[in-house]
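Several structures are given next for inspection.
After this come two complexes, each holding subunit A, first together with subunit B and then together with subunit C.
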Partner chain A sequence: MSRTDVRKTYKLYIGGAFPRSESGRTYLVETADGTTANASKASRKDARDAVGAARKAFGGWSGRTAYNRGQVVYRVAEVLESRRAQFEAELVGAGSAAAQAGVEVDAAVDRLVWYAGWTDKIAQVHGSANPVAGPYFNHSAPEPAGVVAVVAPASPLLGLVSVVAPLIAVGNTCVVIASQPAPLVAIAFAEVLATSDVPGGVVNILTGDAAEIAPWLASHMDVNGLDLTGVDDADLARDLEVAAADNLKRIRRAGVEDLAASPALDRMTTFLETKTVWHPMGL
Partner chain B sequence: MTRGSRLRCRRIWGAHYADPVSTTTQSTLADVTASDATLRRFLHGLPGVDQVGADQRAAGLGSRSIKTSSKKWALDLAISMVDLTTLEGMDTPGKVRALCSKAMRPDPADPSCPHTAAVCVYGDMVGIAKQALQGSPVHVASVATAFPSGRASRTVRLEDTAEAASAGADEIDMVIDRGAFLAGRYLQVFDDIVAVKQACGAVHLKVIFETGELQTYDNVRRASWLAMLAGAHFIKTSTGKIQPAATLPVTMVMVEAVRDFRAATGRQVGVKPAGGIRSSKDAITYLVMVNETAGPDWLTPDWFRFGASSLLNDLLMQRTKMATGRYSGADYFTLD
Partner chain C sequence: MTTFEYAPAPESRAIVNILPSYGLFVDGEFVDGHGEGFKTINPATEEVLAEISEATEADVDLAVHAARKAFRSWSRISGAERGKFLFRIARIIAERSRELAVLESIDNGKPIRESRDVDVPTVAAHFFYYAGWADKLDHAGFGPNPKPLGVAGQVIPWNFPLLMLAWKIAPALACGNTVVLKPAETTPLTALLFAEICQQADLPPGVVNIVTGAGATGRALVAHEGVDKVAFTGSTEVGKAIAREVAGSAKKVTLELGGKAANIVFDDAPLDQAVEGVVNGIFFNQGHVCCAGSRLLVQESVADEVLAKLKARMSTLRVGDPLDKNTDIGAINSAEQLAKIRALSDIGEAEGAGRWSPACELPERGFWFAPTIFTGVSQAHRIAREEIFGPVLSVLTFRTPKEAVEKANNTPFGLSAGVWTEKGSRILWMASQLRAGVVWSNTFNRFDPASPFGGYKESGYGREGGRHGLEGYLQ
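Up next, the complex of A and B:
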């Protein structure tokens, strides 16, 4: 007996749910096997809702112990590993060679594990005990900046993981505009996030036109950081930086980088703020 | 939907909009409060509210889209209708003063932003609020009559009212005895309201029903008529201490009641939904509902109010978004 195809509708990922764009718009995505898919084309109101969801999730997520955040990020790696076959197929659909797809899934899982390990160590490496001229302990400790808006790089899986994992590892929440030509992998990754104990709203993924949505996020007064890794248009990048300056957002500037290389700590530290406390000694 | 069922729907809707007092003249309205029996006969003679129809009508009004200059006007109107409220056990004079300065200048960065209608506080804070608001057009509203439960003897409740009024409150928000109302002792509730009104003197009286405890829309309609017959200037949904607080259909039933009451008696009564209205979108939906149900006569702070605290910040954020073209954030507005 023949069976009806069950086709997936690719939607957005906001606040732990998968809504269609408020605008009802979609755009065509070409896949390698010659079929086309409709991805949601997010509007400024979807971006606004995503920022609201990220803000709501920030208190709980940043308040968790670093150890617990590490467990959750590791859990994302576990679930991604167990869905390896699906992601290899998704990557092939997005244009990767079969051998390359396996390598990219490996790298994405490894990167998640790497950042999972850093959650409870970044404060030791990046914080300090400061000698002061008085009877006080003086500590500087890194704290997450808040809600970070991200334009993800074109690399559909490894690029997305490389920008999201460091943000959530240190306790930020984020709104990510996925790669415009390959958004389906990003929404498949959202399904991984949704099933791996990452609270709703910690990561929000929008698909659509970055040039349309990003200016609203860059000027949004309730967004604390802006990661422009995926912006390849220099004029747009400059405009976004200018808009972001109004409320002194922390910015990671646009620029080509080798995502396959081992990461440094800068993706975590860019979106950290330093809190220094004085504590009386000998009491 | 078949033709028959469509007509049936229309008939139910028709009942929902029937004029409850089409046969009642002003002179007979005076008689209904003569005794408990006549009052009960009148209140139970009011047409029932079709709950499904009311919910559906309210949901339909909620889907209206208000944009650009209309939205701007609606936001300013909503700000000017807010009764900025703090009713907590932990209220301090400092918090009340902060609230008063926010009521006078909700957005200190923008002088064109209207002031709110009133601040709403407990009776013992009236003097402080009055002093802080000196010379401004913002009113001081005080809750009274053993708010929020109303569970005290009439003497105590009247004393509470008189004290708030003599401290300088411009408006008194009283609660009805829900126990007596639900037990069917309508005349007792009526006499309570009359007595409190007397204790208020010239001060405006708002009557709180706590609709979350009244169970049915029929009861909300009865309570509305009861309070209006007793002379209330405003009828108010809730204390904000009970869930559910104000909802759109409940407020719509009350707005229908004030519309019908004016048609029957010529006296206009205001409506104040309180509690649970947190977003600008909600507030604008209420304004649409008032306009569609009772008409633009009620679209002023004299006849429609929002009892709220967090709503004001959302209205200000929306207003700022319209002025600057970028989304605003909660960090840029005071918490209280």
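Up next, the complex of A and C:
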């Protein structure tokens, strides 16, 4: 008799741990090879727990040196690369063609490397020394906005990496609602994060119904930014934007985007603040 | 000690010629609005200055169409040509600076010393600064061929009428946008004089349009489908309403909103300088400043000394005629604002904080409020949480730098902060910890066209000034 394989329970990723949804709910995910999994269907309370974890992690993560954050993001790329076979299989399971799966893993790893290199450069490119008309030292530098809630795009791995990497590279922490039809890849990626020296709470991943969870994140008063990349329903996008106005979250609107193309800086800069510091000069 | 009385030193208002009535400025011409019209008054005397047209939805529509039409050519002429128009405007502002300053003080109530020495020179400088960007946008770091957005709808407040106009119009035009700007209903006059300056500079018609009116006019402008960009400076409440209004649209938005800045004084600070900075931080422009240092956080060990010095310094502040060159604190801008300041101050007293103002004679007519401090303020008090937008300072104390940071950041706002200490490493540590868009260390309330300004959290988003200020006007 052949060996019975050990299947994985796919849970949420909150505060560095893998809890089930407090609601006890799951939803059925069918993979290409015919097996099924019960993904966690996150609730409002899971979303709030995730925001709590992200807020708790923000001070430490944003306070790391940029060099250190670059090391950690690069480590994520290394670990993902080392699990290439697993992720190709995950992507095929989620419906990708085998060749396409390989291309997507390559692109995801390369994107992480690209953002890893940005951590200690963005302040130089996006900051400035300001020649004010008076005897003052004056400079501006970017700082992370805080906790950012994200509705990830459908592309299960490259999409997820493309929204998460820029946020954490610049020091934000995040709560991500993973691609609804392909949550397993996202939770597998959470395992990469959990073994890559990314502190617990820096990235929190929820699976389930984005239309159900996103409004709680959009209206949450301890969330500073909202990335609507994965929202393709225009009415939902508008409602989320309206809710986000309660505490004036920084917004990235949904729009057509070629994930395969080289990214610009806007995924980082949308969720950066600019701080300007003055000091008089004198003897 | 012998003290000398100040003799009156009034600035002449002969230099300004206020017309009995003003129209809207649309497509290069002054035209009548179709609303009811309203009066603008001198807040220091309650004298009616002029009858102002009110732009209706249809008037706003005409202005947006004029701006759209002008955009076709304005966005296509070279940056160098656009820049020369802005340089020209900067020069005319400098040439007519006294006229602008006197008019600003009459319509707004701010001291002539401030409008003459701060507002108007900074306005000219702002146009001069952005004029120079117009032909250098390729080098600004926003991609190789940045494009303007189109028509900008801009709504500005009454606290720095002409300066806020400059912050909005200069970068918009430099980037190749055209604008429809609505000044505040209590302070329209300098914007209308600016329209005249645009004519004098031969700025192509429609590039700048000024629509006067109150909230309804502003709402019509923000909601107009032909507007590609909304820029607003004002209250957080209205800012949130604008964010809701533009939700789901493609409009780009920048918001510069309220604040409740902490001005933090450590025990090793040069206390006389710090007190001067605290006074400037809250009493500059009658406290009608979004980045005003309205919460003094003073280290417990020097609290008594600082408070004594502060009271002594406040006793020398001269409140009165805005056109007197010796005046430190002018008139509150409107009866409505005065009522709000009074209400919040009464709440401060009712909640148990100690209220103090120097003996100070206030004019009988007009809107006036004596400089005021509240001691024994807790973080839960409304006067420590809400923006008063008047000459009212809440005093709190702290023991350790960490406690100062915690208290300073304990607000939904994040526009500015001040730090007073002689220790360099502490300044830089504090600056890194304060969640605010501008940190003034050993100084306060400094503004410069080259220096980006704007808030964290509910103080809004986007930056005005500097290279960063271009971003809100480019694709």
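What we mean here is this: the second predicted complex is superposed on the first by the 277 of 283 C-alpha atoms of A that agree within 3 Å, B and C clash if a C-alpha of one lies under 4 Å from a C-alpha of the other, contacts with A are read in each partner's own complex, and residues count from 1 in each chain.
The working rule: a residue touches a chain if its C-beta (ideal position, glycine included) is under 8 Å from a C-beta of that chain, and two chains touch if they have at least 3 such contacts.
Nothing here was measured: the structure is a model prediction, and the numbers come from that model.
In the superposed pair of complexes, A:Asp246 makes contact with subunit B and with subunit C alike. Touch criterion met: A:Ser140 reaches subunit C, while subunit B stays clear of it. In the superposition on chain A, A:Trp216 contacts subunit B only, with no contact to subunit C.
More residues of subunit A are in touch with C than with the other of subunit B and subunit C. In the superposition on chain A, A:Thr276 contacts subunit C only, with no contact to subunit B.
On subunit A, the patch touched by subunit B and the patch touched by subunit C overlap at residues 246-247.
Residues of subunit C that touch subunit A in their complex: 125, 141, 143, 236, 239-241, 243-244, 247-248, 250, 255, 257, 412, 427, 431, 436-443, 446, 448, 450-454, 456-458, 460-461, 463, 466-468.
Across the interface of their complex, subunit A is touched by residues 325-332 of subunit B.
Across the interface of their complex, subunit C is touched by residues 125-126, 128, 130-134, 136, 138, 140, 145, 224, 234-235, 237-239, 241-242, 244-248, 250, 253, 264, 273-280 of subunit A.
Residue ranges of subunit A in contact with subunit B, taken from their complex: 48, 51, 55, 216, 219-223, 243, 246-247.
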